[in-house]
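The following blocks contain the structures, represented as structure tokens.
Look at the two complexes coming up: chain A is in both, with chain B in one and chain C in the other.
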Partner chain A sequence: MIQMKHVEKSYRGIPVLKDVSFSVDPGELVFLKGSSGSGKSTLLKILYRDIEDYGGEVRLNGQALRSLPRYESRRITATIFQSFELLDRKTVYENVALAGEVIGRSEREIRQETMSLLERVGLAGKEDRFPHELSGGEQQRVAIARALLNKPLVLLADEPTGNLDPDNAGMILELLRQFNETDGITMLIVTHAEELTRKFEARTLYVRGGRVEA
Partner chain B sequence: MKISTTGRHLREGFRSMVRNGWMTFASLSSIGISLFILGVFVLLTTNVNYIAEHVESQVEIRVYLSLEIDEQSEINRVQNQIGMMPEVHKITFIHKDEGLKILEKTLGEDWVEGFQGDANPLPHSFTVEVKNPEEIATVARNIEALNDIMQPAPIDDVEYGEGTVEDLFAFSNLVNRVGFVLVVGLAITALFLIANTIRLTIMARRREIAIMKLVGATNGFIRWPFFIEGACIGLIGAAIPLGVLLYGYHRLIESSKSRLSFMSMIQLKPLDEVAIPLIGLLMGLGVAIGVLGTLMSVRKHLKV
Partner chain C sequence: MKITKVVTPDTPPARRTADRSVTTSSGHLIRYYLRDAQEGIRRNAGAALATILLIFISLTITGAMVLLKTGVDDVIGFLNDQVKIKVFVDRQADTEQVAEILAGASFVRHVKIETREDALAKLQGLFRDMPHLFESFRDSRFPDAILIELEDQSQVETVARELAATRGITDVFYAQEFAAQVLRWSQLISTYGAIVLLIFLLASVLTVGIAMNLSLYQRQKDIRVKLLLGARESHVRGQFLLEGVIIGFIGSLLAAFAVYLIYYYALYQLQLRFSAVFDFSALSLNLTLLGVILFGMLIGLIGTYLSTRKMMKHG
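After this line comes the complex of A and B, so read on.
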């Protein structure tokens, strides 16, 4: 599903990623770990097209990433962040529904799937709340629901538990694992949570010195 | 723009207009004032031209014969010569006695006292109407030129409303030019105000735009609400002065129908002939200014 071949990226002449090559199979859940500044987030940014000027080749679902329009690749790969990235003025429902609106889905369809996803992430009954009325864990659940509304093939998670206490962090990772298992969504999760990931039967890749090692 | 997303774009566009409050008001005022002034100048020019054409169509040539021309055969010869000119529509002979009656009507009985009969000092004359008012000067010159080919010279004087029509057209041109400069200046101001309003919207929605892009929004999807906002400001900015202008013009026409009014001396172009071109012009310009202002801002500040 994801293939990186000899990917390189430098910032002002300083190499951050050096000859990175790895692949993730369809439906696989992979953790990506490494120390701060090791290049984990840069790697994810390349995948969700926030960074376009890099060396090497990236393929997504069999297609060269560069050949896809950015909006199209972002419909294939959804992303969640440590900072949740929710809109404060919109309700939980509106935040999730936004993902359906931007790709022109019908209101009926959006409503049906938003409500179903909110139930699956454990936020049924909280659709009219605003983000500031929710806990950190709940906000990340909203972000997950929004990311999954358009049925992406891949979910990229950039330290999704970074702002959460261990209990909530564990629940978020468990939720992601459930979606991976039941919906077959390929997941690449950047995390520092060594303890929490230990119980998951998932491959872990390490970013060290700008290179990715198994 | 997909039909399914049209409603959303319209909603977002209107929401931004309300959210930007004072900047929207400033843009609306600016466009409104520019287009109001443009409308005033358009109405003024249209009516000056209308009056000029009206005056022009009523202009006749008065041909005064020499006092020596008194024989009917001589008068007929001159009348035939003028009547043969291809530009002439109609020629009417005015006997000098009739001329005196006209003078009596205009100036009063006292003025013509003692000039009746053989004492009448007036010459015979013709009233000449031309087919095309623009050829009036040429026809007048050709009539005067009859003195060169006929013996004795039959024409004493040729008169027409020389200068009046030209003055009206010159005034209309001046109004056009002053209006153009003013309107261009004001339209540029409006353009920048709209661009700034849209810039504020872009700034206010920067985070939302980033998130929409992240979940797969196309560039067009992100840009549409801004264009709708700009076009709506332009449209409303045009509709307000249009309403004021058309109502004011209607009242002006009404007052010109009253015999007691000063306006009764001037015949204005009918409202239905003025309204549609004016609506088209002002609405079109309003939307064009709105969209162009948006384009300026979107290209500069919305990197999608």
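After this line comes the complex of A and C, so read on.
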């Protein structure tokens, strides 16, 4: 599903990623770990097209990432962040529905699937709340529901538990695992949560000094 | 907070691929962006109102100038169509003899003598509500005048020049002379008016740009999130362009209404009184109003286009 071949990236001449090559199979859940500044987020940014100027080749679902329009690759790969990136003035329902609205899905379909996803992430009955009325864990679940509304093939998670206490962090990772298992969504999760990820039967890649090691 | 219920479809425990078909349509997309554009204007109401006001002022001036120019053109046209020349005869000369000579000329269709008494009678009519003013003219020594009607309107200026050089004639008046003066003034007003108008229009475009920049700044996160969710850059930008066009449309619609009122209370009233001079058709009025509205939308579009040029690079 994801293939990186000899990927390199520098910031002002300082190399951040050096000859990075790895692949993620369809339906696989992979943790990406490494110390701060090791290049994990840069790697993810390349995948969700926040960074376009890099060396090497990246393939997504069999296609060269560069050959896809940015909006198209972002419909294949959804992303969630440590900071949730929810819109404060929109309700839980509106935040999730936004994903369907911006690509032109019908209101009926959006409503149906938003309600279903909110139920799956445990937020049924909280559709009319605003983000500031929710806990951090709940906000991240809204972000997950929003990311999955358009049925992406890949979910990229950039430190999804970084702002959460261990209990909530564990629940979020468990939720992601469930979606991975039941829906077969390929997941690449950047995390520091060493303890929490131990119980998952998932491959872990380590980013050290700009290189990716198994 | 515990996850109370995670609904999983009835599937085998092994990994499966869920149905990933997503139906999209441009109809839904247009409805969404229209809704979002309205919300955007509401959120940025102060700046939007200021922009609407400036567009309204600029386009009302533009429309009024178009009407004024049309009115002036009608007056000039009317004056140019006149075939009469009025000449004043030297007091030493015999008016009837001069009139007889002029009547014999090939380019003259008809001559008529206007004596001092005729002139006073005309003045009496003009000053009927102000008899004291008329009294001040009573003792004046008006020269006799001759009204000459020409065969051909195009010869007026040439004939007038020849008459001015003729012995026995002191002054020559003809409508085209006034038309030239009116034209000079009209051109002067047009030039300065165009400068003022240009400043207003530039200010309008800039205000639209500033309002949109403000809106872009307020909605940086919205834009980023939308793009991350797979929105097309052109659609996100299109929404802002739509907001600009809506703002321009509201401003220009108000301006069109104001221009219509100016027409109704000024030009139309003149048209009723002097139908021979003013000839402003309903089609011209409609085209002017339509032009005002389209121009307003264009101002909104250009202002927004300029302010959103760099926006997508930061998406």
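Definition applied: the second predicted complex is superposed on the first by the 214 of 214 C-alpha atoms of A that agree within 3 Å, B and C clash if a C-alpha of one lies under 4 Å from a C-alpha of the other, contacts with A are read in each partner's own complex, and residues count from 1 in each chain.
Just so it is clear, a contact is a pair of C-beta atoms (placed from the backbone, for glycine too) under 8 Å apart; a residue touches a chain by one contact, two chains touch by 3 or more.
As the structure is a computational prediction, the values presented were derived from the model and not from experiment.
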Handout entry: Fit-or-clash call for chain B and chain C when the two complexes are aligned on chain A
Key = clash
Handout entry: Contact breadth on chain A, by residue count: chain C or chain B
Key = C
Exercise for the section: Classify the contacts of A:V24 with the two partner chains as first (chain B alone), second (chain C alone), both, or neither. Expected result: neither
Practice task
Examine A:V121 and indicate which partner it touches, taking first as chain B and second as chain C; both and neither are also allowed.
Solution key: second
Problem - Which superposed partner A:K151 touches (first chain B, second chain C, both, neither) - result: second
Practice task
Look at A:G104 in the shared chain and tell me whether it touches chain B only, chain C only, both, or neither; answer first, second, both or neither.
Solution key: both
Practice task
Please work out whether A:L176 is in contact with chain B alone, chain C alone, both, or neither, and reply first, second, both or neither.
Solution key: neither
Exercise for the section: Kindly classify A:M187 by the partners it touches after superposition: chain B alone (first), chain C alone (second), both, or neither? Expected result: neither
Practice task
Identify the partner contact of A:N168: answer first if only chain B is touched, second if only chain C is, both if each is, neither if none is.
Solution key: second
Exercise for the section: Could you look at A:S135 and tell me whether it touches chain B, chain C, both or neither (first, second, both, neither)? Expected result: second
Exercise for the section: Just name the clashing stretch of chain B against chain C, choosing from 24-32, 78-86 or 96-104. Expected result: 24-32
Completion exercise
Residue overlap on chain A between the chain B interface and the chain C interface 48, 69-72, 74-75, 78-79, 85, 87, 98-99, 101-106, 146, 150
Handout entry: Touch list for chain A against partner chain C, complex
Key = 26-27, 48, 69-72, 74-75, 78-79, 85, 87, 98-99, 101-107, 109, 116, 119-122, 124, 135, 137-138, 141, 146, 150-153, 168, 171, 174-175, 178, 180-185
Practice task
Could you please specify the touching residues of chain A with respect to chain B in the complex?
Solution key: 48, 69-72, 74-75, 78-79, 85, 87, 98-99, 101-106, 146-147, 150
Handout entry: Partner chain A, residues of chain C touching it in the complex
Key = 1-9, 11, 13, 15-29, 32, 36, 221-222, 224-233, 235-236
Completion exercise
Listed in rising order, chain B residues that touch chain A in their complex are 2, 4-5, 8, 207-208, 211-219, 221
